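Two complexes come next, and they have one chain in common, chain A, joined by chain B in the first and chain C in the second.
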Partner chain A sequence: MRQIPPDYTKEDIEADHLQDQYTLMFGILGRRILGELGTDGEQALREAVRRYGADRGLRDRQKHLEAGCKINMYSAFNCGAGLPGNKRTHSIRFQSVPEVHTSQVLTCPMAEIWDRYDCFDIGRIYCEEFHFAYYNTYAFGKAKVNLATTLTERGTEYCSFHVLLNPADLSEEEKARCFEEYDEKPEEADLSQFQRISAQEGYRFLYLRLYYYMAVTLQEYLGEQGKETLIHGLHELAGVVRDYIREEEQTPDLCYLENNYPAKMDTSQDPNWMVYQEGSARELLQTEFCDRLMKELQI
Partner chain B sequence: MTELEESRLNNLEDHYCIMYAILGRTLMEEFGTDGEAILRQGTRYYGQNRGRIHRQKHLDAGMKINMYNLFTSGGDLPGDTRTFREAQRLNEEERVSHTLTCPMADIWGAYGCMDIGRIYCEEFHCACYSTYAYGYTKVNIAKTLTQEGDEYCAFNVVLRKADLPEELQPVCFEEFDPDYVPPEEVSLPVPGAKEGYRSLWLRLYYFLLQAAVEQKQEQGKKAIEEGLQKLAGTVTEAFQKQKGSIDREFLEENYPLNLDTGQEPMWKDYGNNGAKELAEEAFIKPLLAKCL
Partner chain C sequence: MYSYSEIPFQNQQDCLSSLFLTLGSQIMKVMGRKGETVIRKAVQKFGVSLGEETREKLKQEGKRQSLKELAEQKDLFLDPRFRIMPIRTRQQELWAEVHTCPIADYMKEREGTGIGLMFCEEFCHAFFKGYTDGKAQANLSKVLMGPFDNHCRFSIYYRPANLEADKREQVFDQETTGEEADLPDRKLLHNTKWLQKLYLRLYASLYEEAEALGGKEGICAIALGLRTLAETQRKDLEKWASARRMPCDAAFIEDNYPVQLDEEKNVFSSYLNKEEETLFRENFLKRF
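Up next, the complex of A and B:
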C-alpha cells in the first residue's frame, strides 16, 4: 500500500485512485495493442487518442461558448476544463493570457503510473497526440501546440507547454469569438457554471470516452483482429486492476468500486454511454472487463 | 575560413534577416493584425517551398524522407560560425535539440524586431518540416531565442511511422521497403554563403510579396514597395557604419541579392506579381544610388 500524505482526505485518495485507473486503462490496453498489432495497432491507438482529444476540445469549446467565454488560451487553461483537480500534479505557469499559455509540469502522476507499469512509451503516444488534438480542436484548428519535452520521455525533467493562438491566424468571425478586443458587444462570462466536477463524475466520463475511441478505432482499422486484441487487453487489465485494488483495499465492495474506479460496473447504469453507442464498445467492457473484475474481486 | 570570408558570411546572413524584419515591420505598421496575417502567411509559403524542395532533393537522391535525413543531409542553409546547437536525440523518427545561440535572433534583437523574428520562428519551422514529410511531421518549439526570457530554442520534431498512411511508410522508412537499396554515396552539398543566402533572400521576399498581393492586392504590393525603400536606407546605413565607403564589389559579396537582376536565373521561377521589377526599382536602384 502506498504512503498517504497526512493532509489527504478520503476524497483525495479516491481522486488519485480514479486518475491512476484511467491512466492504467490506457497504458495496459495500449501496450497490448502495440504488442499484438505492431505499427498497425499504433496507428489505431494514435487515431483513437486524437479522436478523444478532439471530442474533449469540442465539448470544452461548446461549454465556453454557452457560458459567454472567449475561446482562447486563457479560457482553455483556466475555465472549467474537463479534468478534475488533483494534488499530485505540480506545475509552474510562466504566462497565461488569451494569446499564449506557457507552463512547465514538474510532476505528472500519469507519467509515474505509466512508468511503474512499464507503459512509458504508451504514455508518450498519449502526450504526443492528445494535447495537439485537444487544443487545436478547441480553438477552431488554429492553435499552435508546442510540447518540446514531456515527462513521458526518458531524461526530461518537466513537460514544456507552449500553446499559442494568434489573432492574425483567425478569420474575422473567429477573432470576435476568441478575443474581446475584436468583439463589438462582448458578453459577461458566466463562470459560475464551471464548478469543479467531482472526481468520480469527471474521470468516469474521461475513461468512457478514451476507452470508447480505442475500442471503436481498433475495430474500424483492424476488424476482428482488433476486437480480439481489445478483448485480450481487457482481460489483462482486469488482472492488473484487481491487484491494484487489493493492494489498497483488502475487501472491496461495489460501493468502493463506485468511488474508486472510473467505470460503473453495471455499464447500463451509466447514461454517458447513450452518446457513445457505436460498435460493441460498451458490451465488451461489460463482459470482458467489468464482469471479470467483479468475479476476481469476489463481489 | 578567413576573417574576410567570415565577415561576408555574417553580413549575408544578417541582411537576409534584416530584410524580413523591415518588410515585416512595414506590413504590420501598414495593416495591423491584417499585416501580421500577411507576414505569417508569407512565411508559411516560404517554409513550404523550402520543405518541398528539400524533399524532392532527397527523393532524387534515392533517400528516405525522415527526420534523420532532414537534419543531416542537403540542407539549404549555409553553415555559419555563430550558431551553436546541442543535439539531444536524432534518429529517423525524432530530432530533439537545443539551439543555444542564434545570430538571427541577435540581429532581430539589435534592430528592435524580436517580435517579427518570433513570427518567423513560429511559422517557418512548422511549415518547412511539416511539408517536407508530407504534412505528417509534428513540430514542437516550446522555447525560442526570439522570445523574452528563453535561454535557448527547444526543438522537438517528430515523424511517427504510425502516423503515416501505408503508401508513405516505405517512402519514409527503410523497414517498410524490403527491396530498398540505399544510395552508395550520398553527398548533397550545403550551398556556399552567397549562393545560399541569395536563394533564401529572393524566395522569402517573393513569398511575402505573394501573400501581400493575395490579401491586399495593390495596397499590399505598395506596402512591400515601401518596405523595400526603407530597407535600402537601412542596408546603406549598416554597411557605411561597418566599412565607411562601399563599392559595388563589396555589395555583391556582402549582400545576398544579386544586384544585376538580369543575371539572376531564379527570377524566372519567382517572378510573379512583378517581383523582379519591384526589387529592382524599389530596392536595388535606391541602394546603389545611396551607396555608390
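Up next, the complex of A and C:
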C-alpha cells in the first residue's frame, strides 16, 4: 500500500484512486491493443483518443458558451469544465491570457501510473493525440497547440504547454465569440456554473467516454478482431484492478468501488451511457470487466 | 560564425529578416488589425508550399519522406549563427533545441519581436502540414523570440499509424527502428539559392495576402514597405562593406545580398508573377 500524505482527506485518497484507475484503463487496454493488433491497432487507438478529445472539447465549449464565457485560451485553462482537481499534479504558469496560455506541468500522476504498469509508451499516445484534439475542437479548430515536451517521454522533466488562439485566424463570428474586444455587446460570464464536481462524477464521465471511443473505433476499424482484443484487454484489466484494489483495501465492498472506481459496477445505472450506445461498448464493459471484477473480489 | 567565409551568409540572412520585419511593420501600420491576418496567412501559405515542395523533391530523388530524410537534407541554407542541438533525429520523431537564433536577435534589437513571433508561431506548423499532408504534429513550446524562454524547443511527431496502410511504406522504412540522433554536429549549409528562393517567395506570399485581404490598400502597404526596405538594406550593405573596408560594389552586393540582381540571371520570373515583379522593381530595386 502506498504512503498517504498526512494532509490527505478521505476524498483526496478516493480522487487519487479514481484518477489512477482511469489512467490504468487506458494503459492496459492500449497495451493489449498494440500487442495484439500492431500498427492497425495503434491507428484505432489514436483515433479513439482524438474522438475523446474532440468530445470533451465540444462539451466544454458548449458549457462555456452557455455560461457566457468567451472561447479562448484563458477560459480553456481557468474557467472550470476541466479535469476534477487532484493534489498530485503540480504546474507552473507563465502566462494565461485570451490569446495564449504558457505553462509547464512538473509532476503528473498519469505518467507515473503508466510507467509503473509498463505502459509508458501508451501514455505517450494519449499525450500526443488528446491535447491537439481537445484544444482544437474547443476553439473551433483554430487553436495552435504546442506540447513539445511531456512527462511521457524518457528524460524530459516537465510537460511544456504553449497553446495559442489568434484572432487573425478566426472568422468575424468566431472573433466575437472568442474575444471581448471583437464583441459589440459582451455578456458577463456566469462562472457559478462551474462548481467543482465530485471526483466520482468527474472521473466516471471521463472513463466512460475514453473507454467508449476505444471500444467503438476498435470495432469500426478492425471488426471482430478488434472486439476480441477489447475483450482480452478487459479481462486483463479486471485482474490488474483486482490486484490494485487488494493492495489498497483489505475488504472491498460495493460501496468502496462506488467511491474508488470510476465506473458503476451496474453500468445500466449510469445515465451518461444514454448518449454513448454504439458498438455494444457498455455491454462489453459490463460482462467482460465489471462482472468479472466483482466475482474476483467476491462482491 | 563571423569568420571570413561566414560573414556574407550572415548578412544575407539579416536581409531576409529585414524583409519580413519591414514589410510586416508596414502592413500592420497601414492595415491595422487586419494586417496581422495578412502576415499570418502569408507565412502559413509560404510554409505549406515549402513543405510540399520539399516532400516532392525527396520523392523525385527516390527517397522516403519521413522526418529523418528531411533532417538529412544538405542543400539548404543555415546561418552560421544558429546553434542547434538535435536531440532526436528519427523517422517518427524530430526533436531539437535552438540555443541561438540570428532571426530572434535581429528582431529583438529592432523591437520587432511582435512581428517575429508571427513567423515563429505559424511557419513550423505550416511547413510540417505541407511536408506530411497534415499528418504530422509540430510543436514549438519554447520560443527564443518570446519573453520567457532561453531556447526554442521543437518536437515533431510523424506516426505510421496516422497514415493509411498503403502510404506507410512509401514514407517510412518499417523494417528498421528509428536510429538515435547523431551527436550534435554543426553543419555549414550554404546553398544561397535556397535563401534567394525564401526571400522572393516570402515577399510574394506577403504581396498575395495583402492584395487578397486589402486590395489596393494592401498592395500600397507592400509598396511602402519596399521603399523603406530599399533604404534600410542599402544602408546595411554600406555599413557591412565599411566594416570590412571593402567597397559596396556589385561584387560585394552579390555576396552579401540574397537575390541575384544581374538581369541576365533573371531570377524574378522564377518566383514572382508580373505584378509582384513590377512592384518590386519600381519600389525596391530602383531605390536600392
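Keep this in mind: the second predicted complex is superposed on the first by the 298 of 299 C-alpha atoms of A that agree within 3 Å, B and C clash if a C-alpha of one lies under 4 Å from a C-alpha of the other, contacts with A are read in each partner's own complex, and residues count from 1 in each chain.
In this section, a residue touches a chain if its C-beta (ideal position, glycine included) is under 8 Å from a C-beta of that chain, and two chains touch if they have at least 3 such contacts.
For clarity, every value in this text was computed on a predicted model and none was experimentally measured.
Chain B versus chain C on the shared chain A, clash or fit?
These partners clash in the superposed model.
With the two complexes superposed on chain A, say which partner A:148 touches: chain B (first), chain C (second), both, or neither.
both
In the overlaid three-chain picture, which partner chain does A:167 touch, first (chain B) or second (chain C), both, or neither?
both
Touch test for A:89: chain B only (first), chain C only (second), both, or neither?
Neither partner.
Residues on chain A in contact with chain B in one complex and with chain C in the other?
The answer is residues 39, 42-43, 45-46, 94, 102, 128, 132, 144-149, 160-162, 164, 166-169 of chain A.
Across the complex, what residues on chain B touch chain A?
It is residues 33-34, 36-37, 39-40, 96, 122, 126, 138-143, 149, 154-156, 158, 160-163, 169 of chain B that touch chain A.
Please give the residue numbers of chain A that touch chain B in the complex, ascending.
39, 42-43, 45-46, 94, 102, 128, 132, 144-149, 160-162, 164, 166-169, 175
For the complex, give me every residue of chain A touching chain C.
It is residues 39-40, 42-43, 45-46, 94-95, 102, 128, 132, 144-149, 160-162, 164, 166-169 of chain A that touch chain C.
Going by the contact rule set out above, which residues of chain C touch chain A in the complex?
Per the touch definition, chain C meets chain A at residues 33, 36-37, 39-41, 95, 121, 125, 137-143, 148, 153-155, 157, 159-162, 165, 168.
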